[in-house]
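Two complexes are shown next, each including chain A; its partner changes from chain B in the first to chain C in the second.
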Partner chain A sequence: MATAGKKEKRVLWIISIPMAILALSCVYPVYFALNNALKDNRGYILDRFGLVQNPTFDNFVQAWTRSNLDTYFLNSVVTTVGAVALLLVVSSLAGFALAVLRFPMRRLIFIVILASLMIPVQVVLVPFYQTIIGLGLLNTRTGLIISYTAFFLPFSVYLMTSFYAGLPRELVEAARIDGAKLIQVWWYVMVPMGRPALITLGILNTLYCWNDVLISLLVLQDQRTLMVGIAALRGEYTTNVPLLSAGIVLAAAPIVILYIIFQRQIVSGIAVGAVKG
Partner chain B sequence: MAQIELKDVRKSYGATDVIHGISLEIEQGEFVVFVGPSGCGKSTLLRMIAGLEEISDGDLEIGGKRMNDEEPSDRGVAMVFQSYALYPHMSVADNMSFGLRMTGRPKDEIAEKVSRAASILQLEELLARKPAQLSGGQRQRVAIGRAIVRNPDVFLFDEPLSNLDAELRVQMRVEIAKLHNTLANTMIYVTHDQTEAMTLADRIVVLRAGIVEQVGTPLELYENPDNAFVAGFIGSPRMNFARAKVTGPRAIEVAGVAIALPDLATELATGTEVSFGIRPEHLHAETGVELPITVDVAEQLGSTTYVHGTLATGEVVIAERRGTAPRPRDTVLLHFDPRHARLFDADGMRIR
Partner chain C sequence: MSATAARPATARPVRKPKKASYGSRAERRFAFLFVLPAVLLVLVFRIIPLIWGFFISLTDWSGLGEAEFIGIDNYAAMARDPNFQDSMVNTFVLLATLPVWIMLPMLLAILIHQGVPGGKLFRAVYFFPAVLSSVIVGSIFNVVLRFDGSFNALLGMVGIDAVDWLGNSSTALFSLIGVQLWATFGMSLLIFLAGLSTVSKEMLEAARLDGAKLWQIWIFVVIPSLRPIIEFVAVVTTIGVLTNMFGLIYVLTAGGPGTATTLPEFLIWLEQGRLNRPGYAAAISMVLFAFMGGIAYLQIRIMSRNANI
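Coming up: the complex of A and B.
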């Protein structure tokens, strides 16, 4: 569309108004957090919305050291990395099996996994909590890693299965004729071929695990992950908004960095979910 | 002893039968082509031999050993797929050595086999490239190279040339024929293209709807088809067919033209209807039976011309011609030797 007609131009203008409002509503909280994280509490109370006058990094230092965000940060990193790694391995193995191998009841198993996609976390909280206690996994990072894996696995398996189902069968068949064992087919063919889907899953699951409050609150009660720790920065009666803002910026930073690194893969990965199942 | 033996092999997907009991013997070193229209079960049959598809019933023996339940890799076969099935993330060399690496062969053996296969297929320059950086013909050669390095007892090809353009297809066809001469392995080759079958095969197996219609050398099938299907499928342009009325034990009438068939062994029943078949290349004799047609189109291909015309009954006829091409709506007298006529009964079976 090199030259838009007069009518098309008007339509474009009309469309751009809600888009601009949407964009602003996304950008404003970012500005708010960044701006206020640099103010001290007094500066914030005097002028909530204005641009920061005397920028200070005290809030970051205080959040990191005195409010224990450093340990919370470590907890988040360990559990997120652990869960995402486990999710990727398990979902690509399961996707390989469900999409490519032939075994009895594989359709039924796939349907059960699909069905479990539709169950919200909240519905199973009580039995989940009892199971965690029963297994002695309460207040352990391992427990949280396993919990994240369990809750995010159905979607991951679904995505890998549909992705692998879209690959030509002959790739696996050629490998089988050539004498590759199943586990070799997985490692040398399915994992590299599944890269785009695995990257998408890695990013999505990192986001879910990193931002989770609910599951973490239940499983890691006496240690806290970053998001829980930040939520706790809010006092019952008063909240130190600049301190909270600094915490939020610290928590968002790793995700933002990930996004910048994987920008291209994220955009192309969005289409991955649209492969036939 | 046959190297590969199929004994009443069947395949069904649930309630649908796809292969209806095929028995076949393939000798060591033979080049056998399965040919037939799309959907007739060629790939299914090949994949059952490869072990990619379960055999519903019957026995498959390779080298005298029953192979029905063996793993594909234990059958001594290598397969070249229509889609090439190259791994996009591996270099040409890694693609070719994949099987050897997976089965843990020593490094120098792998290197030696890959370089030998690469030199046979003229792939030396391309070993470091990825499949995406290759042309269709080169990819095809890599796929064949991957089969060669494993030095299998039997090569299986499933329509390996279908994704290539016409010119390249002819070229690769010659290369595959040469390859068979060099390696002398048993090869089973699937195609829907009768030209490929005719040019490559020691023996052709014509399949239709999961049944073997005829097995024979290319010339046997061409000269002596068992039925109208094989007669029509083998040869290009295809054989002309016309309704014929039997006027005597060895005489018929086609579109008002009386044809005597002195060589016929069977005595025909006067008054019955049969089907008369004659190949386009047999319609350009100088003398013999005269058959008038009205010309629709003449296709000039340089050395020969194909005349498309109609008989008095409206049935379509293609005739090969040398020399000047007739013009549309001309009436042309075709001549043929009655020994080239083939007769088929109402069920399409050959009357000899």
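Coming up: the complex of A and C.
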């Protein structure tokens, strides 16, 4: 961008002050959750905003065991891992076919998959719920895995298709060899070639599945995932804030770790749709 | 500038002219096999339910037993339902705030790109709330925005009187909107930064040599060349506010007080589950779909144009 003059530099310094305050607000949740999670209830009531005086880990123990967060955590891990794995397989297979192979109705199929973006879960809430019941998937982790895959699929297919379509032409033609070897071409050529896009999708879909509430509320009613469990920790009138905070720390920890390790991939994944669009 | 101009210069030209040249039989057969799982999932869980939902919306079905065909009665009932009307008013208030959702991250992105002190750190930190679940954000703000919460304590230090942000029907909706904006602006900011990196350097230098001030360059050079990005952010944000606020409403306000923060997506869930009126819920879904349709059409057009297939 154009270089700033001396006076303009001073203005930028002044502008950076409100921007720094905004940045502080963005990390405030970390302070809120960690600080309150380490207080006991009495300590919280005596001093709600200040730093913790006598740190205790009781809230974590209580959240994990008595509030059933251990079960919810397991449910979240199983459904997130299952759905992300399924999403990667289904979308790279579809992307391979749509971008590389030649077959009738290719463009139509691509448009139909994209068009389903227009149908978020709220728009089909009632019939979707009936479909889940009809297929015997209600209150099963398998049901939630399949539901996540169905609702997060279009963007994944889009990204894999446009990634494979951007590969060098010669490679694509070489991949169009005959016969049943196409499965091997997918596994030995397309999956390794697609790694950057697959990693991005893996991370983004992990965020979406782990953070979901609505689909999980519908499909896994009697077992709960972590986010539904956290929502339930919040009482209507009286909330045990230290206990809730401990739950938040446990529920957010995997995502925060992912954010710290894969920040670059998350950023490029978010940006890819835009610069291409 | 057209939307395609934002494409990196290395990308191949737009799709080649269509020919009816299909691969061998085996290639065709395997291609169908490969797209089958994706097509089936989308058909069974989204497209067929959409059609089925339309038929449910024409009945008085209560979730169990026989459904009776009642024509457009559900739709007529909406016109008399104060809850539905309130949810529509709330939606329009929400949509009226969209310029802020677009301009705030754009302004911040321009400032960071311009090299505001601490810009790199800001970029990383601003994005942090966007990776947190809406349940986590909502649970924290449910405590922070209470009458005796830390937000009012902070305002008290600068002499502003405490407000019951979530319990007061005149502030609850704006609190909900504010929290969602705070939680997601980092995402749009990243998109704007990606767009800014494609703005032509020569053009900026030329403007600079002509003696243009920084703010003039922003308004007359930078922002016009960001047009495709602005369009994209506008579409994605609109879809986001129409369909991604359930989690936050669920934990922050539960739609209240009264119907002050009830949006259609939350009302659909209430009618379907707690109020056990799936027929009516399906009808509200159709209205939401009509809202979505036009906006999502734009998004799909942008995406399919750029997928290069």
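We adopt the following convention: the second predicted complex is superposed on the first by the 239 of 277 C-alpha atoms of A that agree within 3 Å, B and C clash if a C-alpha of one lies under 4 Å from a C-alpha of the other, contacts with A are read in each partner's own complex, and residues count from 1 in each chain.
The rule we apply is simple: contacts are C-beta pairs under 8 Å (C-beta built on N, C-alpha and C of every residue); 3 or more make two chains touch, one makes a residue touch a chain.
Computed from a predicted model, the values in this text were never measured in an experiment.
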Partner chain(s) touched by A:34 [first = chain B, second = chain C, both, neither]: neither
Which of chain B and chain C A:192 touches, first, second, both or neither: first
Chain B versus chain C as contact partner of A:111, first or second or both or neither: second
More chain A residues in contact [chain B versus chain C]: C
Contact residues of chain A, present in both the chain B and the chain C interface: 176, 178-180
In the complex, chain B residues that touch chain A: 50-52, 71-73, 77-79, 81, 83, 85, 87-89, 98-99, 102-103, 146, 150
List of chain A residues in touch with chain B within their complex: 168, 170-171, 173-181, 184, 188-189, 192-193, 195
Chain A contact footprint on chain C (complex, rising order): 3, 6-8, 11-12, 21-24, 26-28, 30-32, 34-35, 37-39, 41-42, 44-50, 52-53, 56, 108, 110-111, 113-118, 121-122, 124-129, 131-140, 142-144, 148, 150, 153, 182, 186-187, 190-191, 193-196, 198-199, 204-205, 207-208, 213-214, 217, 222, 228-229, 232-233, 236, 239, 243, 246-247, 250-251, 264-265, 268-269, 272, 278-279, 281-282, 285-286, 288-289, 292-293, 296-297, 299-300, 302-304, 306-309
Of chain A, residues touching chain C in the complex: 1-5, 8, 12-13, 15-16, 19-20, 22-23, 25-27, 29, 32-33, 48-49, 89-91, 93-94, 96-99, 101-104, 106-107, 109-120, 122-131, 146-147, 149-151, 153-154, 157-158, 161-162, 165-166, 176, 178-180, 182-183, 186, 207, 210-214, 217, 227-228, 230-231, 233-234, 239, 241, 244, 248, 251-252, 255-256, 258-259, 263, 266-267, 270-271, 273-277
